[in-house]
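In what comes next, chain A is part of two complexes: it sits with chain B in the first one and with chain C in the second one.
Now for the complex of A and B:
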C-alpha cells in the first residue's frame, strides 16, 4: 500500500516537472489561505446582497437585526417586487402589469421587449384557460400592432398563436410555451427590470464569485498543482492533484 | 495549563484565532488603502539621467522633450524613458503624448522599453522593446522591420500607449481611439518611452496628471466586462448559492434569519431543494444552534454579564479558565460596554479586577492596552481606539463564543470547521488562487479583493 503511494507520488512529481508546473503542498497552501484577510462584515454584506436580490425579504429583515448588516436597498421595495414576480409565476399577468406600473411606470415604457413578453404571457394564459375567442381578440388588438414594429416580436407572436392550432398541446411543437418554465422566465425578466430601475444589480454577487472561483482554479491549474476545492457545498480542500 | 480536558488544545486554537481577528480589526482602514494602490509607484516624469543627451533637450518640468540637433544616422535618436517602470499590479497601464511639433521629418515614436535599452535607438528597433512610429504608422517590436498597424501621426495629435495585463497586450491610441493591439512578449519591467529623431520635433508627455484624450475608465470597464462574460458562462450546480448561504447562517447561529430563509424557500416557485448528501458537515454546524443564537443576541446587545452567566450554566468548560482568550475577549467587551455608556468609574474598577492580569501576557497585551486607552479620551469614539466601540467588535466577540461552542460538539468531524464557514473557505480559496496565479505570472494583473467587488456597481 505505502509503496504504491510512493510510486504514484514519484510519477506525479515527474509529470509535474515535465510540464514545469509548480507543486504547492497542502501545508504551503494552507499558510497562504491563512494569510488571506476576509472581513466578517464583507461576508455579511455578501449574504445580505443574496437575500435582497433573491427577494427573501423576511430573512433580510431578520438578518439585519441579527448581524447588524444594512441592506443596500429599501426592504419595502422587495415586497413589491416579489408581489409582481409571484403574480407572473401564478399566471396573473394583468395584475403583474398593474403592479409594475404602480411601482414605476417608466419600467414598461422604456422596455418594449419586457412589455411584449408580459403581453405574450397574458396570451399564453388565455390559451391555457381555453378562452379562445378572448385570446384571438387580444392577439389581434394588442399584440399584432407591436409585432409590426419589430420582426422578432412578430415571430414570437406567431409561435404563440400556433398553440391555438393544436387540440392536444402536449404534442405541439411550441408546447413548451405552456410550461411553467415560461412563466418563470417571464417572471425573472420582470424581476431583473425592476432591480435595474432601482439602480441595483439584477443578479446576486455570490453566484458570480463562485463562478470566479471555478475559473480562477482552472486558470491556476495551468501553472501549478495545488489543493483545489472541488465541491463548493462542502468547501473541502482536496490534496494537490499531482 | 490550568485546563487539561481533552478539548483544551482545540479551545486554545479557537481562542487565539479570534484574538487575532479582534486585534486585526483596527488595521481595516489602512488595508483598504493598500488594496487600492497596491504599494506600487507609477511614472511621474521623464528620466533626465539616462536620456540620450546631446540629441535632445528635456524641459525643466521634465514633461516634454525636443530634438535640437540634426539627425545623421540611425544611432542618434533622442530617446527618453519615464522615471519609473509601468506599474504591473493592475488591469491596465496607460500614458499619452501630445505632438507639439513634428519637426523636419516627424520621426516620433511612443512605446515601451526595458531597463537596459540602447538609448540612441527608436523603441521597437531593438529586442525587448515595442514602438508605434509617427512617420509611417508602423509598429516595431524588436525586429528591423515594422508591421502595418495604424495611421501615421503628426503635429497636434495625441497618441497613447498602454499595457493590458489581462490580455497580455500592448495597445496604442490616436486622438482617443484605439488604433491597434499587439501581443506583449517582453519579459521584465517596461518603461514608458518616447523618441524624437529630426530637428525641432517636440513632444509633451502626460502620465495621468492631466485628463487623457482616451477614455481609460471605459476601456477598463469593457475589459472587466469581457472577463466577466467568460466567467459567467461557467455553470454552477443547482441551488449551490442557496446552500452556501444556508450553511453560513447555520455556522454563525443566525437562527431567526435561517428560519425565515427556510420558510421562504419552501414557498418559492419552484421550491428550492438543497441536496442533503453533505449531511456530515451540516451536523457540525447544526450543533447548539439555539444556544449560540441566544448568546449572540446577548453579546450584540452589549449584555455581557448575561452572556457570561449563560456560558457558566451551559458550557462551564469554556469559562472555567479565566485567562483563556474567550474570557479575555468577553471581559474586554464588558469593559468596552461600560465605557460606551459612560460608566467610567465602574469601568476602571472592572478593569482592575478583570483586565489587569492580562498586562504583560504575550498576545493579550496590545488589545488590553487599546481597551484601557478608551479611558483617556473625552470622545473615545473619535479616537484611534474608537474601533472598539463599533458594532463589528461585538460581532467578533460573538463569533469567538460561537466558534468555541461549535468546538464543544462531541461529534465534531472537522475541528477546522468551527473557525470558518464554508463561504469563508471559498472566498479565501478564491483570493489565494488569484494571488498565486498573479505571482506565477510575473506579478502582472489585478488581485482579487472581496471588498472591491462588493463596492462595484453601487450607485453607478
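Now for the complex of A and C:
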C-alpha cells in the first residue's frame, strides 16, 4: 500500500514540474514584442544584403531606387559574378574561368583549390560529352601537374578519371561527379571566392538571423511555453502548447 | 578506353605549335589581335605553375612587357589591363616569374600605371606590383628618401583599395631596420594604418600586417602606436574576434608582436589566455590560416614559461597531436605543428610527460624521414626539445632504432640546416644515462659526428663537437676509447685551436669530459707527446674569452686530480709563461671578473696542492715564487661565495703543507 502512494506522489511531482514552466499567452507575448524597436533602415539593409549576396541584381537595383538603400557593393559586379555562376551551372567552365580572370586575376592565382575544382569540372564536362581523347589530353596536360603539387588533388583527379573506366557512368561508384549537384557545388565555391575578393561576406546575413531565432526558441522551450514561430515563411505565432 | 600515349604525344606537339603561334600574335601590329592574344596568355597561366614556366621559357615575359610599354605610349586602356594582369600572374607566387618581370624592365611602367586616369588600369597595375612585392626578389624600397616616403603616403591615402594594399605590401616587404621603422613612424604612417583598421576587410588585413612589421622589436614604435590613439590597441583586440579567420590571425600576430616587443602592454592574464585559445582554434582552419597559426603560436610561446603553462592547461599538446595524426599533412603545416610542439616542450616537464603519454614521439620519428627538408629540421628541433627531459633520457626513451637510425642518417643530409638540427637532437640524446650509448655507436653515429667535426662549416663543427662532448659525458671506458681513437689526438688539438672561439670552447669541454673520472682517461691528453695539453696551454694563454678559460681550467683541474706526473705536467703549463715577461694566464684568470672562471682556477690549485700528494710542498713553493699564492691570499673575501669557500680550502692546504720554505 505504501509503495503505491510513493509512486502516486512521484507522478504528481513530475506533473507539477512539467506544468511549472512559465506560460506566456499570445497577448502578453505580442505586447512584449511591441516594445522592441527595429529601425526600418536596418531591415532595408538586410534585404539589400540578401539581394546582393544572392545575386538578384535587377531586384537590388529596383530596391535601391524604391527604398533609397545603397548597396555596399557596385551593382555592376553582381552581374559579372552571376554570369560566372551561370556559366559554371550550365557547364561552360572555360568561359567561367575567363570571366573570373577578367574580374580579378588574383582569385584563381591565389586559390589553388578553387582553380583545381574548376579544372576538374572542365574535365567532368568533357567526359559527360563523350570527348574521351580530349578529356585524357586535358587531364594529362592541365590536371596532372596540379596533382603532383598536392596529394589530395591527385586523389580527386584519380576519382574523376575513373569515370572513363565505366560503361554505364550513371551507375558507377564515382557517378555523383556527373550529377548536377557537382556543378552547383563548384558554382557556389566560385561565387564565394568572388565575394571574398570584393571584400564582401560570402553568406547573406538574413539566414544567420533566422538560425539565431530558431536557436533562441529552442533555448526558451526548456523554460517556458510561449507563442512559437514554427513556420518561418509565414512567421505565424502559434498558440502556446500548455 | 583508348591508350593515352599516342594522342597525347601528338597533342603536346600541337600544343607547342599553338603556343608559339600565340607568341607571334602577342607581337602583332593589329591591336585587336594583340589584345585577344594577351588575354589568352593570361587565361592560360593563371593558377598554372607549369604553364607559367613553359611560357617563361618561350620568352613571353619580355614580349608582354614590350606590349605594355607600347600600350602606354598610346594610352590603350584594354591592352594595359591585359598586359599588366599577365605580368602580375607571372609574378604571382613564382620567383622565376618575378625575376623575369623585373629583368624585362616592366617595373617602372607598372608604377606609371598608378597615375593613369582609368580606374581599371590603376587596379591592374597596383595588383601586379603587389604580386611583385610579395616576393623576396622585389627591389628594396628606400623609405629614407623623402620623395619615396611621399609616394608611399600617397598610396596609403588612395581611395582605391588595391592601391592602399600595395602601400602596405611595400612596407611589409621593405621595412627591416630600426631606422626604417622610425622613418615610417615619423612620417605618420602608424596613424594612417590605424585608420585603415576601420576600413574594408582587405584594408584591415593589410594594415595589421604592416603595423606588426613597423612595431616588431621596436619598443618606441610600440608605445607610439598605443599612446597615439586610445582606440588603436583596442581596435586590434577587437579584430582578433573578426568573422574572417585571416583577420583574426593577423590581429593575433600583431598583438604578439606588441607584447613581445614591449614589456608594458598586453601582459595581463586575460589577454594571454585569449591569445592561446584563439590560436589553437585557428589551427583548425584547413587553409593557409591554419598553417600560419602554428607559427604565430610558436612565437607566442617562445621563451615564455607562463604562456607554455597556459597552453598546456588549454590542452595544446593534445590538439597538436590530433593535427599531427591527420592524413596527408601539407609540409608547411607539418613543420609548423612540430615547431609549436618543440616550443611547448622546451621548458616544462609537464608538457613533455604529456607528449610521451600520448606517444607523440612515434609521429615525430616519422617526420624525420619526410621528403621536405623543413619538416625534417622541425622534427629534429622537436626531438631536441623533448629530450631535455632527464626522466625520459634516464628511461632510455630515445635510444631506440626508430629514432637513432633516421637521426644518424640525417647527419649526412644534403641540407646544412637539417644537419645542424639533427646534431642538436643528437647532442641531447647521447647524454643518455643508461648504457644505451652503444646503440648510437653501432649505427655509425660516432663516425659521422667525427666527420662533421672536421666540416668547413663552423656551425656544423660546433654542433658536432657538442654532440661528441655529450656522448663523452659519463661514458664508460670502452666508449671513451672508441671516441678518442675515432677523433685522434692531432685533430682534437687542432679543434682546440680552431679559428672560431665557440668551437674552441666545445673542444675544451669535450676534453674536460674525456679526462673526467678514472686515472686511465687522463692519459689520453698525453698521447702523441702531449699535443693536446700543449694546445690547451697555448689557447689559455692567448684567449680573452672567459668561457674558453673556464672549460680549459676544468680540463687542467681534472688532470691535476691525477698522479704526480699529471700534476707536474699541469704545473709546467701554468708556469710556462711566468718568466717570459707576459702575464701568466693563471694570474689573469684569478683576477677575472667572471666568478666561474675564478672558481675553476682555484679548483686547479686545490688539486695541485692536495697535502697528501708527495710533490705538494715543492709545488706550493713554485706557486708562491710565481706570485700566485699572494694573489690567492687577496681573495679571502671574494664577493662570490663559491670562490671564497675554495680560496679558504686552498689557503688551508698551503698552511698544512707549511710555509716551510720561508
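By definition in this document, the second predicted complex is superposed on the first by the 222 of 242 C-alpha atoms of A that agree within 3 Å, B and C clash if a C-alpha of one lies under 4 Å from a C-alpha of the other, contacts with A are read in each partner's own complex, and residues count from 1 in each chain.
In the analysis below, a residue touches a chain if its C-beta (ideal position, glycine included) is under 8 Å from a C-beta of that chain, and two chains touch if they have at least 3 such contacts.
Predicted model, so just to flag it, every value in this text is computed and none were measured.
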For this session: Using the superposition on chain A described above, determine whether A:92 touches chain B (first), chain C (second), both, or neither.
Result: neither
Exercise. A:140 contacts which: chain B (first), chain C (second), both, neither?
Worked result: second
For this session: Quick one: classify A:201 as touching chain B (first), chain C (second), both or neither.
Result: both
Exercise. Now for A:217: first (chain B), second (chain C), both, or neither, which partner does it touch?
Worked result: first
Exercise. Touching A:188, do we find chain B (first), chain C (second), both, or neither?
Worked result: neither
For this session: Could you tell me if A:25 is touching chain B, chain C, both of them or neither one (first, second, both, neither)?
Result: neither
Problem set entry | Residues on chain A lying within both footprints (that of chain B and that of chain C) | 199, 201
Problem set entry | Touching residues (chain side chain B, partner chain A) in the complex | 21, 24, 28, 31, 228, 230-232, 234, 236-237, 240-241, 243-245, 247-249, 252, 254-261, 263-264, 269-270, 275, 278, 281, 293, 296-297, 300, 391-392, 395-396, 399, 421-437, 440-441, 448, 450-451, 453-454, 457-460
For this session: Within their complex, state which residues of chain A touch chain B.
Result: 22, 24, 29, 32-33, 36-43, 45-47, 49-51, 56, 58-59, 61-63, 65-68, 72, 86, 89-90, 180, 184, 199, 201, 204-217, 219-220, 223-224, 226, 229, 231-235, 237
Exercise. How about chain C: which of its residues touch chain A in the complex?
Worked result: 1-2, 4, 7-8, 11-12, 15, 39, 42-43, 46-50, 85, 88-89, 92-93, 127, 131, 161, 200-202, 243, 287, 328, 330
Seminar exercise, completed: In the complex, the residues of chain A that touch chain C are 97-98, 101-102, 104-106, 108-113, 115, 132-133, 136-137, 140-142, 145, 149-152, 164-165, 199, 201
